[in-house]
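Structure incoming, see below.
Letters A, B, C, D and E mark the chains in the order given here, with residues in each chain numbered from 1 onward.
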């Protein structure tokens, strides 16, 4: 049997890696990937905490996957739009709005 | 466990209480169909009719008691109905603002607006964190796309920034929810079991988890330090969309924050001093919003910072933690809705009519549009929070409840919030007066773009009506407060 | 009582008449004023002869504050009646005199209006029964003095002199106001009679001064006295505030005669006699000392002047010093006595000088000469051209010097006796006061003889001496005033002041004042004093004669070539320079530094507060750019990617903001934990 | 045995995640994502959530990753240059991520549940019933959300304003 | 019949006229000013009527002490668990305000006349002026704190535009400075207002709530006592309390809820001070900015210098008095303990204002700036008199406000006259104006002397009363509130005021005629219209100087009850 903490640790690690990807990579698609990692980390938590006989965590994870799909679709659409205008999807090069 | 049929019938019963939202969903579908049929002219009136219907439904189906619907996923009560009314009215006015310009003939604009309203409704109704997450995502996804509706470079930039920030925030929030689930085993946050579990939960993971959840809410309400998306988005998005953003998702998030804050405050029994935390965040929001607004050149960007500051003000009644404060919050929200939307209405008008974006370009506009300029002055006065406008009454109410709260609790940060909040008015004055300043004190540098002779557009009536409402609400706040007072807040 | 009110207000009628008349009827207005003042003089004389030491009082409520009421009221006693008569008479004569003197002036109506206003205000001081009203009229005479000194406002010197006079007087008035505060606090009344009664009832013990109403530390009694004295110092041009009076000679000469010699400047003395009961020992000592000092200083300053009016002005300062010394040594009656005698002879002197000046001025005007009509160096030998003037001047001078048979002898004798008596009681150091007084006698005779010699004797120094004396408008006042300067008028025995009808009629106030524990005994031999003063006069006169005797060739050296002592005298002890270098410089420095404070500091601090907001907003941006991105820069630098620094400075915002938000989140979490 | 399998997948997941973090090639990152997601799906199985694991593979790998790969293709110049992506904020990003990690690990020490998770498999039928009864509302909301996302994606990715506004 | 609504008419007449103006067509441009004038004249008639009908009442400070009272419920909020909240449309005048109302009416009339030559944006000018008019009068007659605050804030906007649109070269800076400062002050006031109305109940309405009296039945003192006793014993449920904005009720300590924050019994300290003291200080600072008291005065020189003449007149003549009046009506009456506790500091600030203002006036090279600083100096007397809390001092303070209202109005008109002709305010650029403008010079001399406190003018009475009062300040436990030296120091300010005025006269009006910058011919003496502006001011300054009872008899009883109310505490 696996100690439940290990799930949490893996999840935390996954979350942090996702976060690191979001924070450090310039490419917008990579950032989306990082976000997916973070969502997966959360999902892992939900499932690990799902008590026997309960389905709440499982359903939560399912809906998260659905949402992730929707988000990825819209996100990629936006990224494509950005690419169309900027010819790049490096976030640091997307700086038209000045204050 | 109930039998299957029971559950189905329960859900069916629940649906009958869900008419406003059903109308919205039906409207959403209808609008898609109408759009597909290329009946562009129908979109605008139809959407208004749907929203009107929803409003009417909300008014006639005023709940007499709190109801748990859909297996307890949402809780229908009077307060949430009031909030939903505010949201629908906000969307209604936002769509009215879009009457001028190209936006009104884009079907997706309506679809996504309805998506945001629906998300807002679900958020204020929710009693389960799954619904919260879904509602926030619904609003967010619609919002990301709406940001892009100028279809230009800046729009896409704002959208991608909004997307990155929003997705990260919701992922963080989701992670927080997963922790709370770990700690409590349940996500029905209005249930006593949930509260009990929170009370007995270990402090360290609990505080981390709750903080993570807070991120998502604060992100949606545009509070410091999760506000950074809003200036860019407000600058780049079409004005009616900005108007919508400035009220519907924000107020929905604030309404949820008020509800959520009561949950995590645990009747003051919890060991985490959320009042102080939120007070500090509110102070920071006001300071950051107001001071950043000082140096803005772009009218909409200034309004973005203004709305950040207003989020700070909206948090004031939340930390006051009293029934009266919640009433004040509703009042403030309603007044904020009117004055903010009216301001965007005027800004939108000038943007469309005179291609005015920067504050300096307002120079001398009073000559051409005297009435609208005067109305804008009154609106600014109201946004500052000076008499004789409802902006003052709203501030008076929320700070009164804050004062009472301080008198009871004696928390120093609450006092700081009280003083900073009021002093911020002075700073606010400085930038809000900028537009009237240019409008009235400076003369026009270049010829107006549009030399149309009609200097009495319909916006005059519309803005006039809204401003009148602000004035009336100052002189007779009882009329609205009497209504709000009837709302039964169940804690 | 109606007479009194009539006398008080009729000059006001003159004022109003002169305001209302048109330019062409200016002469009419002037004659009206003269007529009014004649009536006033007659009335005053009537009162003087009917009063016989009994007081006439009448008062009514003016306004009330809380349950206390402020009154207006009139009080006529002997000294008041006497003063009233003197003022009215001299004022009448000066008005008369001015009709011709000012005939060519553009501000004719203004002149007479203000002169009448002055007379009204002066009458007010005399007749008021309470200190508040006295103060009210006190300021009003200050105003009229200001307006009259500045009558020729286009002359810079005149306008500056007017300003100086008012401001210096205002310093004195500040003392008056402080005194008013103390009186009101202690007695709850300004009424002179009340004050006298309450002062008698009040006690001074254990360092406290307790009246029926309140208790104050004893020092406030001295403050009260000194405050009132300060008022007198200002008005009566005493050391250290005497600097305005010489400058005030820029005004028309009749004004100098009336205001700056005979009446207004004496108001200080009159006030001191009114409030004599309030003066304690310390105050009296100060008064005596200052009085004597001023007398001496004025005498010295008069020695070397060339301006005919300046000599008289310094002499006035000196004589006023005498009077206040008289108050200080406890002999208020002698002081008053000297006030009255001085009023007449000094008015005579000024009007006589005015007569000379007017003629010379007219002559200069006619012949288009550029000359200073007041400079004694151009005069000389005018005896024959101005017979009446000369004799008036002679009588006035003798009275001023204190020669027997003239009025001045009597009053000055009284003062000298009183001062010697006082110093006998006060101890050795106090003998300085009579010493200075006696020295002044010598100085007085010296400068007066010098002046007489300069102006009337010797050979005419002007080539074209086409001058002649004025008409009856000039002569009549001179004659009347000269007659009144004779000793016989004042005392049947012109060698003994104590037989003077005036002094015998005045009540004794010694026992009323807290300033003296015992009555000062008369310990001196009057004859000795009298004789020694006569001797001193002769010595002074003799010295002057030796130095400036007719026939001797006079060399007028420029003021810059004077010896040091002469310079000290000529420049009035360098007081103006001293004040310029100390007080005025202090005020200038402090105003400018306060202005700096205002502009540079307070305003800036306030603006700064405003700017702090703006700066704060820029800080926020800097925070956005530098801190949020700077973190990244820092890390870029750290990882050796210095080249990426500038790049990341401008871009990469979204993620930087995410980092910023996460840091905030972590902070919140740590705040909770 | 289970432990070994578990830790294998755990390590696989984490390593491939790290690969995403460090790789220069976006395409490689997308492929690594597949491995990570597979690993996570395997871990799901250990919590007795087989349905979720299957869904993960179908939707995520079958849908999202394909979307992402398309995205990568569309947004990169295919003319031969390597598909690479630079990094920014390296140190600060890493520090923050590390701090977050430490916080989370420190926080998860506090979970009292401890021990071993007891998981039972819920039958597919039950899940279906639950989804359409208890979870009816979330289900419907998700449907609306997907609809909205569809509309959003279509307008965003679609043609520009002029052709749409017609 | 209408008499009962005199005060309402005073407020609403200008508002109505402003509304009318907005809708008047352009061709009637020439008549705009006549409307403003008409309004002011009607107000004057009502004012005269007020003066004649006003009777000094020897009553303790309570609602009965007010006259021309109008009291209509305005806002009634049900705060449920916190009870009820009532704000009323409550107007009335007593001795503290009657003089200021009359002053306002006169000065506003003169302001209209002084605006006669305004050429640009006439409509906007006069409508803003009328709004200003209404809010000024409203401030003085409002007895409900919310209403007062409404008028107080409402004043800012017209003022902002009036300075900013018709002012001098640096008008924009000046107007925003003015606005920000005053707003800052009003925030302090707002803070205390919130604290106060949550702490104070309306005994009448609470009695109704408790069922002690039926609706509409008259309120007897007995019932008030009963309510207050029950309140103090904590026998009233929180939800039965009717909290109020009524300023008169706020004064009565019996109406303060015992466990409320601003109760005297509250032991809680804010930043180490009692909450009531903090309340006093906040109100003090709030109004001191308006007065203005050094060091809160820096908006004043700028605003005065840049404002157009009529607005300077109104600003100096009336607006500053609102600050003083606010101190009387709120800070002092509501926080008597604070008033006594901080008397020394308030007095000190008064003296500093007197001296500091005078010194700065001495240093000013700009005529308007000089007058502005003289205002600072003179308003210092108000503070000094008030701090003394003696009958003389307080009377003097009120008297000084009225007197300074007339005199400073005239002084700014004076500055306006010369500015009209040359557009130059620098003193050094003029000399010998007396030769060219004799009538003007006479008026200048009259008002300069009036302002420096020459007896016979109103300023003298005021200043002497203040000095008498502050020397004999009220004693608390045997110790005078103000050290005696304070009055003595203040006297020094009088000397300085003589110095700066006379120096100015000497420099500008005396000496050889010479004007820089403009041709000498353009300088003409004042015309008939200008003379008529000064005439009433001369009359008032003299009348108040010679017959002080004209005003003092009106205010006497109120002042006595004011002092008693505070010292009783």
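FYI, a residue touches a chain if its C-beta (ideal position, glycine included) is under 8 Å from a C-beta of that chain, and two chains touch if they have at least 3 such contacts.
It should be emphasised that the depicted structure is a prediction, and the values quoted were computed from it without experimental measurement.
Looking at chain C and chain D, the chains that touch each of them are A, B. Counted as hops between touching chains, the shortest connection from chain A to chain D is 1. By C-beta pair count, the most extensively touching chains are A-D.
A centroid comparison over C-alpha atoms places C as the chain most distant from chain A. The innermost chain, defined by the distance from its C-alpha mean to the mean of all protein C-alpha atoms, is E. Each chain gets a centre from the mean of its Cα atoms; the one farthest from the centre of chain D is C.
Centre-to-centre, using mean CA coordinates, chain A is 64 Å away from chain E. The mean-CA centres of chain B and chain E are about 42 angstrom from one another, to the nearest whole unit. Taking each chain's centre as the average of its CA atoms, chain A and chain C sit 93 Å apart.
Once the centre of each chain is set as its mean CA position, chain B and chain D turn out to be 31 Å apart. Looking at chain A, one finds that residues 8, 15, 18-19, 22-24, 26, 28, 31-32, 43, 48-49, 51, 57, 59, 63, 67, 70-71, 74, 77-79, 81, 91-92, 95, 99 touch two or more other chains. Counting partner chains per residue, chain E shows two or more touched chains at residues 180.
In chain B, the positions touching at least two other chains are 130, 134, 137, 141, 144-145, 148, 159-161, 164, 168, 172, 179, 182, 203-204, 208, 430. By the document's touch criterion, interfaces exist between A-B, A-C, A-D, B-C, B-D, B-E, C-D, C-E. Interface residues of chain D, counted against chain A in their complex, comprise 2-3, 6, 10, 13-14, 17-18, 20-21, 26, 29-30, 33, 36-37, 40, 43-44, 46-47, 49, 51-52, 55-56, 59-60, 63-64, 67-68, 70-72, 74-75, 85-90, 92-94, 96-98, 100-101, 104-105, 108, 111, 113-120, 122, 126-127, 130-131, 135, 138, 142, 145-146, 148-150, 152-154, 156-157.
Touching chain B in their complex are the following residues of chain E: 74-82, 149-150, 153-154, 156-157, 160-161, 164-165, 172, 176, 179-180, 183-184, 187, 190-191, 194-195, 197-198, 260-261, 268, 270. For chain B in complex with chain E, the touching residues are 322-324, 377, 381, 386-388, 392, 396, 399-400, 403-404, 406-407, 410, 415, 418-419, 422-423, 425-426, 429-430, 433, 437, 440-441, 475-478, 481-482, 485.
The touching residues of chain B, counted against chain D in their complex, run 4, 7-8, 11, 14, 25, 28, 32, 38, 40, 69-71, 73-74, 102, 105-106, 108, 111-112, 115, 118, 122, 130-131, 134-135, 137-138, 141-142, 144-145, 148, 150-151, 159, 179, 182-183, 202-206, 208-209. Those residues of chain E that touch chain C in the shared complex are 177, 180, 295, 298, 356, 359-360, 362-364, 391-392, 395, 432, 434-435, 445, 449, 454-456, 460-461, 464-465, 467-468, 471-472, 484, 487-488, 491-492, 494-495, 498-499, 502-503, 505-506, 509-513, 547-549, 552-553, 556, 559-560, 563.
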